[in-house]
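Just so it is clear, A, B, C, D, E, F, G and H label the chains in written order, and each chain counts residues from 1 on its own.
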Amino acid sequence: MVKVKELPREEYIERGHAACGGCGATIAIRHALKALGGNTILTVPACCMSVIQGLYPKNGLSIPVLNTAFMTSGAAASGIAAGLKHLGKDKEINLMAWAGDGGTYDIGIQALSGAAERQTNFIYTCYNNAAYGNTGMQRSGATPYGSYSTTTPTGKRQHRKPMARIMAEHGIPYTGVISAAYPRLIYDTYKKAKDIVGTRFIEIHIPCPTGWRYPTWDTVNMGKLAVESGAWIMWEREGDEYRFLGRSKLIAEGKVQRKPLIDWIKPQGRFRFLLKDPGMMAEYERGIEREWEIMKRLVGC
Amino acid sequence: MVKVKELPREEYIERGHAACGGCGATIAIRHALKALGGNTILTVPACCMSVIQGLYPKNGLSIPVLNTAFMTSGAAASGIAAGLKHLGKDKEINLMAWAGDGGTYDIGIQALSGAAERQTNFIYTCYNNAAYGNTGMQRSGATPYGSYSTTTPTGKRQHRKPMARIMAEHGIPYTGVISAAYPRLIYDTYKKAKDIVGTRFIEIHIPCPTGWRYPTWDTVNMGKLAVESGAWIMWEREGDEYRFLGRSKLIAEGKVQRKPLIDWIKPQGRFRFLLKDPGMMAEYERGIEREWEIMKRLVGC
Amino acid sequence: MAKLKRKPPSHRITCITYPEKGAMGNTGDWRIFRPVVDREKCTRCQMCWMYCPDAVITMDEEGIPTFDLVYCKGCMICEEVCPANAITRVRETEAKE
Amino acid sequence: MAKLKRKPPSHRITCITYPEKGAMGNTGDWRIFRPVVDREKCTRCQMCWMYCPDAVITMDEEGIPTFDLVYCKGCMICEEVCPANAITRVRETEAKE
Amino acid sequence: MPKVVSVSGNHAAAWAARTAEPAVIAAYPITPQTTIVEKIADFVEGGELSSQYVRVESEHSAMAACIGASALGLRTFTATSSHGLALMHEMLHWAGRARLPIVMPVVNRAMGPPWNIWTDHTDSMSQRDTGWIQFYASNNQEVYDTVLMLFRLSEDPKVLLPSMVCLDAFILSHTFTPTTVYEHKEIRDFLPDYKAGHWKLDPKDPMATGNIAGPEYYYELSYAIHEGFEAARKLIPRVVREFEKHFGRSHGGFIDTSRCEDAEVILWAMGTMGEEATLAVENLRQQGIAAGSARLRVFRPFPVEQIQKLASKAKAFVVVDRSLSYGHTGGQATEIRSALYRGNNRIPVQGVVAGLGGRDVTQTDLEKLIQVGFDVADKGEAGPEIFYGLKR
Amino acid sequence: MPKVVSVSGNHAAAWAARTAEPAVIAAYPITPQTTIVEKIADFVEGGELSSQYVRVESEHSAMAACIGASALGLRTFTATSSHGLALMHEMLHWAGRARLPIVMPVVNRAMGPPWNIWTDHTDSMSQRDTGWIQFYASNNQEVYDTVLMLFRLSEDPKVLLPSMVCLDAFILSHTFTPTTVYEHKEIRDFLPDYKAGHWKLDPKDPMATGNIAGPEYYYELSYAIHEGFEAARKLIPRVVREFEKHFGRSHGGFIDTSRCEDAEVILWAMGTMGEEATLAVENLRQQGIAAGSARLRVFRPFPVEQIQKLASKAKAFVVVDRSLSYGHTGGQATEIRSALYRGNNRIPVQGVVAGLGGRDVTQTDLEKLIQVGFDVADKGEAGPEIFYGLKR
Amino acid sequence: MKLFEIRFHGRGGQGGVTGAKILARAAELEDKFFQAFAHYGAERRGAPVMAFTRIDNKPIRIHSYIYQPEAIVIFDETLLEIPSIQDGLREDTFVVVNTPRAPKDIKLKVKAKVSTVDATKIALDAGIVVAGIPVVNTIMLGAVARATNIVKIENVKQAIQKGLAGLPDKVIKTNVEAAQRAYDALVKGY
Amino acid sequence: MKLFEIRFHGRGGQGGVTGAKILARAAELEDKFFQAFAHYGAERRGAPVMAFTRIDNKPIRIHSYIYQPEAIVIFDETLLEIPSIQDGLREDTFVVVNTPRAPKDIKLKVKAKVSTVDATKIALDAGIVVAGIPVVNTIMLGAVARATNIVKIENVKQAIQKGLAGLPDKVIKTNVEAAQRAYDALVKGY
């Protein structure tokens, strides 16, 4: 794993951008772009990242960005990818779509799935803050069971769609599931993905102080606790082979114990209903255990 | 398995409908509807089935049908499901969306995936004739590698999207993959699915004389050969458990040998390019082997 | 054009249709070949009935298939699936004579 | 409003924007707390630099973090991740005095 | 008992849904419509509203789900804005052509790119050809009242058309004002339960809808939609009257006019600009200037005769569009001119485009524009379209 | 060397793409557009066309992919029809507002429900507010020629707008006629390579497009689109002239007129009806009747002045729309009336809706409608809109 | 010459539009203008379908349907039973039927200019058979040339060569010869 | 009464709109009409934001922005540095500032009717603190009532009770008392 001091000093996100204070998404994109470098084109559908860029006539990202409609990241990227191929620059320039969980799990899955099926040459990042952040925290397909959102005010009653596994099962060459709490892993993951040809899907778990309702300074803590408690599993699939990553690997191998789920849940305002309802809590835990089982079966351990 | 003579005599498809002679889709829907019975509401996006119904002011199906826009089967069904729930009839009336492979793999995956994530109570059938039949056989995400289509005139260069597995990985309670060549299995599958609550996804392989370019009378042969040669795998997933079905089970268990793939490919005009190109042929076979491996791993055998 | 059992006012409001035979007209017109059954050979297995995509086969009192030729499109799947080879194809032009 | 390095005619054709600091203004204005480093305690590990979501930290010649207070939003992640507890928060109102 | 609540325009819309009690609500969030669907979620999960609430995965699906539910013969509701509305476009045509009385508030917001969340009427004006009844509201009470009127209108067996009420982003959607609201049982005299007489999905009486109709039938089915609009045209005044009888309030019929009887110049505008125009008119009247204002409440069916009538005494119209059909003019200006062309009074019509993307338009601005109308009346001829407030 | 091929309107469109050599084509099939994309697939896989061909999974994605490719500064092409066009609606706004010169044939087909694959202009007329240049063609050669002209027009640095050419389903799309086509190198004098001067995605000079612009900027960015249309308005006659110079053919400018100089009644129609109208006019002329026909080729930018001019000598217009903006009139009739309202010659304009959903409209029908125009001229006043050919 | 309109009746899969297009090409070789199109809607294999050719010596500006064709060509005798086949029939309409029967045996509601040819036999003899079904579209064009004189048989043959370009030479040759045979074998009833 | 317009300056998360709405409710209790809204765009926590209340004794038909408010209320002294805070300031504008300083120490470009109150201290004393940050919105309303006389303090207190309904009784009580304290503690500089 890359050392902190080896991380490139170049920044591709300008100071004074419009993210909320303590935003996990900006930690994530900072290090993803460090790995990809400046020779990268980005396309961004409606999501927090379209706000984070700031206001016309300035932009907080220092690479070319095509902002595009909410449903279209996979499709807009397909057009850019085709154009780069026409120009003979598809090997030289990295192409990345950067979309939220709503723009991926919900309204963007079709364009993404189509792009993957066509073996489009690009990296698709889903940065998952588990709700529609831009519009004020409505339920998304990624919102965890039991979580408050403004459209599930008494807690969501469905489990998260297993999006990354769905993408992996498309048979794409690379799928990675990581977290904003581990920037070095982000860097390494993008470094690896950069050199693979075809559709690469990377999902980053994004602690979001605004939506999850915890103090801004706890972003890294919340990200780590999600992994440490097993609520978020980090893994990758290269070719047809699944593998656990980082802390999740240690957990899967029994080298470390999972922390109690409650350690992660309690500090977050969005889980206040879940906390009050043992039945819901049990169902949430059941969902997590099921995820671990499925993932362990896929990894083959 | 149901005996031929036990199959209900009631028909829910009227004579004089508009399917091509020898259409596998009509065999499939005949038996699916026999299993569900007349207390069923159907929604159909743009596809051959919207043509098969025939012309205003008549309709070739004798259950209520909401024809709907191409992209919307999962969504239109979600609305009907909600309405049935409001009426307290969600247990009494079966709700089915019946869509083609284009309307499922490609333009319909979003609405379907959303409906599944919301645990919508309905059966979604994808009848897969492996191309856009209604519009004259363009490429779909289900078109097999190497197959001619009017938009891949020298043969498609991507493998089929593993749609049913993608749906299964959504964690829905039932997924079934069958074929029009086995009406009794169709009947049994729908009988079983009927009694499950939640989103049930059933994919039926549909030999199509018009698109696959074989004589009308070979529909059943083509359907069976696809399974016998291993090009089409029949399986189901109930809960989290995968299982092979019918002939595919025998193949997986080594009880029967797969027939040579060429037996299935050769009679079909759509594979003429594949037949000429050993490299493509090998790639197609590689894809099939990979499917078998993945499925075997999932079934756990 | 089409004759309907009933035609309520809904028709004049939007595109409502009613279940009825012949939604595509008399599809028997499409036929180039006609299925003909050999009553002797037939084993009454009903495979032809099960596989007919147009649902135009009925088993008569004796359990032998009859074909509704107003709608049978002549795909000849029945011939192909008949395990007893009891169904044969006849060119429609010849059959008509 | 915003001052741009350059403003080519594209601007007048469609919504083109250029990379520049302060796309959301001087976001240092948002700060309620201000990070202050204790140069003695700092071990130069760069964790604060790595985690700063606003990329406003630079390590000075001595490897100690400096904060671009024009843009630092005061989220205090740096304080939280600093393994040496070398960063502390000061209320902005107090800091200004 | 009616009660007065302090609500935003969006909450007024949500309250109206609560009052009308749709069987199914399917919606997708988009700024600045979000607080409608959030409030509805509160109502539903708080047990105050019995609707099935489907949290779909896109607006295209929202409208498709409404279509599915409405096809069961059930009352159906959704809400959207801007890109969400645009994404529905295909399904708007579908709902209109299938004659499904879905009611939908549309929060008027600018289309991107660039992203812009502020008010602009281009989103809804671009849907004028989709077969939807269109109302534009000017305050929160009108939003609330119009939703109830629209259910009544849309569900009428002679009409059977979907309808939208448009409200200006933020200016109405997020501005809190006192608004009178009712519970469901209090409005049932005015708005009875919906009974789908024309068709519904019902296994007991199987019908299908939408399979292919050839050139020999399609035209008549389209004409039936036209007839639905003509029926709506007749019914609107009655619904407005009855609403007033039941609730003691009116916001005008097709057009909400102010001092038009003896106005020499009439300023036309939709939505909040239309209401603010009445202040401009009052101010000018105090200076002895014969100004009037006409707020177009109903854009579809388009009130041709009513517009013609207003031209009979006036000397000029000034038409302010908060949208632009690029390559021609604002939609309101085009259609008003066209309406007048068919009448006898052909006074000059000055077209104005103003307020795009949330650019503020004040009472003073509107007064200036009325003054322009007097110049136009003097000249007897309108000038080229004015792009008011444009910075060059 | 130009060659004459026997092609359908769709193949003419595909040939035009081949001639223009876009860098990227992204499309999705829909009857009756399919043979365009199928022919393109043949060209691409047959090595006759170097374009990257993206077989997207929906029309919304088709337009998004075109936007992505065009944003790289590349020539881009797609084609669609009816529901496909409707599904693109959001992205049509996007392409227009982003100023991307995408060119797209649209095969005019009716909207469902019921499903109907025959011709009807409602699909494209419903896009009149999206910021696209719109041409309507009347024969296959015109389809081919217009695509080339549109690339030239759209890519002009002053214009930079997407454009569509509309052609009638089956009547043109699937009808084979002799058509002259060229190879790419033969047309480069007329249509040079596209050079995106305004912006492109390029890591060497990073710019972004589309992030939020508030009320202080949005209006001006919208006005810039208006300016693009005004530039197109100026440029169209020049492009038509230059096309004629290079290739010796013209199909008219904004309006293709026949015998209008001294016509008392002018019949307006778009697409194939507009061409067939010339036969009606000839026949009536032989009977000494002073008829004329005007085929509106360009709907956006809307040719206000040219229409006004044609009213100067005529006594009445008859405007035949193959579409209907429900709740008002056909879009052509509305906009022509509006245009005349701004001019000096205010002759009666009789609106007609005809041919919806593929209902056939013959030369005889058009002759009858011209006769109606004479009645109208006599009365000095048009009657209510005529729904021609309606069966009751 | 006046505008000449031809209507072809066939079955889905019999190549009606191809026939209409090849006839158009033949006219083109005589420096005429043309349109060739089909009635779209339900092109199912075996289902009755129609195709059309318009020929003129000036560009064709008419776009509406063909209601009163100058010639009606019937690819398949069994289609004679469908009433719409006689739509727009006048006394001077050419009717060319594929049948072994004589023109006088063809019963129509109007006494038109009927001619007949056994194209199916010609096809079977020449082996022009696809999926077991004789294909008569090109063959009937030979008959049309003779019956109507609207194009020369040489040009029909040349048009067949162009229209079938891409198929094996032998197939093309067979088709050309079969068209000539139909030309020779046509029996005119007028 | 003439239309009275108030502009609140706060920071994202400080409850500016809630404040504007509660003030509106207070006016409603005096049978007045109102509008309460915010300037939408970038409501990030900590970022400077604006909210508005309009009060009149007839229905309000004005919908455009507030350019020249009758009163400007500043929730956070640090905001004084932002120039836009003085937009539309006139000599007769009330300016109510949360600061421990005296009115005369508040430097503005126009000599307006400035009054001050240490709302932060009141909040801290009363324990009205969320996520470590004192919340002053309700407290400032007490000051506004005194500074402008636009609403009675009783009605402000009643409006707070309604506006915070749903929160624990204790919290509401604390807020009401704090508003009264601000009312009492306000220092007028005019």
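Following the convention adopted for this analysis, contacts are C-beta pairs under 8 Å (C-beta built on N, C-alpha and C of every residue); 3 or more make two chains touch, one makes a residue touch a chain.
All figures in this text were calculated on a predicted structure; none of them were measured in a lab.
Enquirer: Strictly by the touch rule at the top, which chains does chain E share as contacts with chain H?
Expert: A, D
Enquirer: Give the fewest steps needed to get from chain A to chain G, where each step moves from one chain to a chain it touches.
Expert: So the least number of steps between the two chains is 2.
Enquirer: Could you let me know which interface, F-G or A-H, is made of more C-beta pairs in contact?
Expert: F-G is joined by more C-beta pairs in contact.
Enquirer: Select the chain at the greatest separation from chain H, using centres from the mean of Cα atoms.
Expert: Relative to chain H, the chain with the farthest C-alpha centre is G.
Enquirer: Between chain C and chain G, what distance separates the C-alpha centroids? Give it in angstrom.
Expert: Whole-Å distance between the two chain centres: 31.
Enquirer: Express in whole angstrom the distance between the two chain centres, defined as the mean CA positions of chain A and chain D.
Expert: 24
Enquirer: Just how far, in Å, is the C-alpha centre of chain D from the one of chain B?
Expert: 56
Enquirer: Would you kindly tell me how far, in whole Å, the mean C-alpha position of chain F lies from that of chain C?
Expert: Spacing between the chain centres: roughly 46 Å.
Enquirer: Among the residues of chain D, which are close enough to touch at least two other chains?
Expert: 14-19, 23-24, 27, 30-31, 73-74
Enquirer: Spell out, as numbers or ranges, the residues of chain E touching 2 or more other chains.
Expert: 55, 57-58, 60, 83, 87, 90, 94, 97-98, 112-115, 117-118, 206-214, 216-217, 220-221, 228, 360
Enquirer: Touching at least two other chains at once: which residues of chain A meet that condition?
Expert: 18-21, 50-51, 53-57, 59, 61-63, 67, 69, 71, 105-107, 109-110, 113-114, 117-118, 141, 209, 216, in rising order.
Enquirer: What chain pairs are in touch here?
Expert: A-B, A-D, A-E, A-F, A-H, B-C, B-E, B-F, B-G, C-E, C-F, C-G, D-E, D-F, D-H, E-F, E-H, F-G
Enquirer: What part of chain H is in contact with chain E in the complex they form?
Expert: Checking each residue of chain H against chain E gives 21, 24-25, 28, 33-38, 40-41, 59-65, 67.
Enquirer: For a test of understanding, state which residues of chain G touch chain C in their complex under the given definition.
Expert: Residue list for chain G touching chain C: 11-12, 42, 44-48, 77-78, 82, 133.
Enquirer: For the complex, give me every residue of chain A touching chain B.
Expert: 105-107, 109-110, 113-114, 117-119, 141, 158-159, 161-162, 165-166, 169-171, 240, 290, 293-294
Enquirer: In their complex, what parts of chain A are in touch with chain E?
Expert: 46, 50, 56, 67, 69-71, 105-107, 109, 132, 134-136, 138-139, 141, 150-154
Enquirer: If we count contacts the way the header does, which residues on chain D are in touch with chain A in the complex?
Expert: Contacts found on chain D: 2, 4, 7, 11, 15-27, 30-31, 45-47, 49-56, 68, 70-71, 73-77, 79-81.
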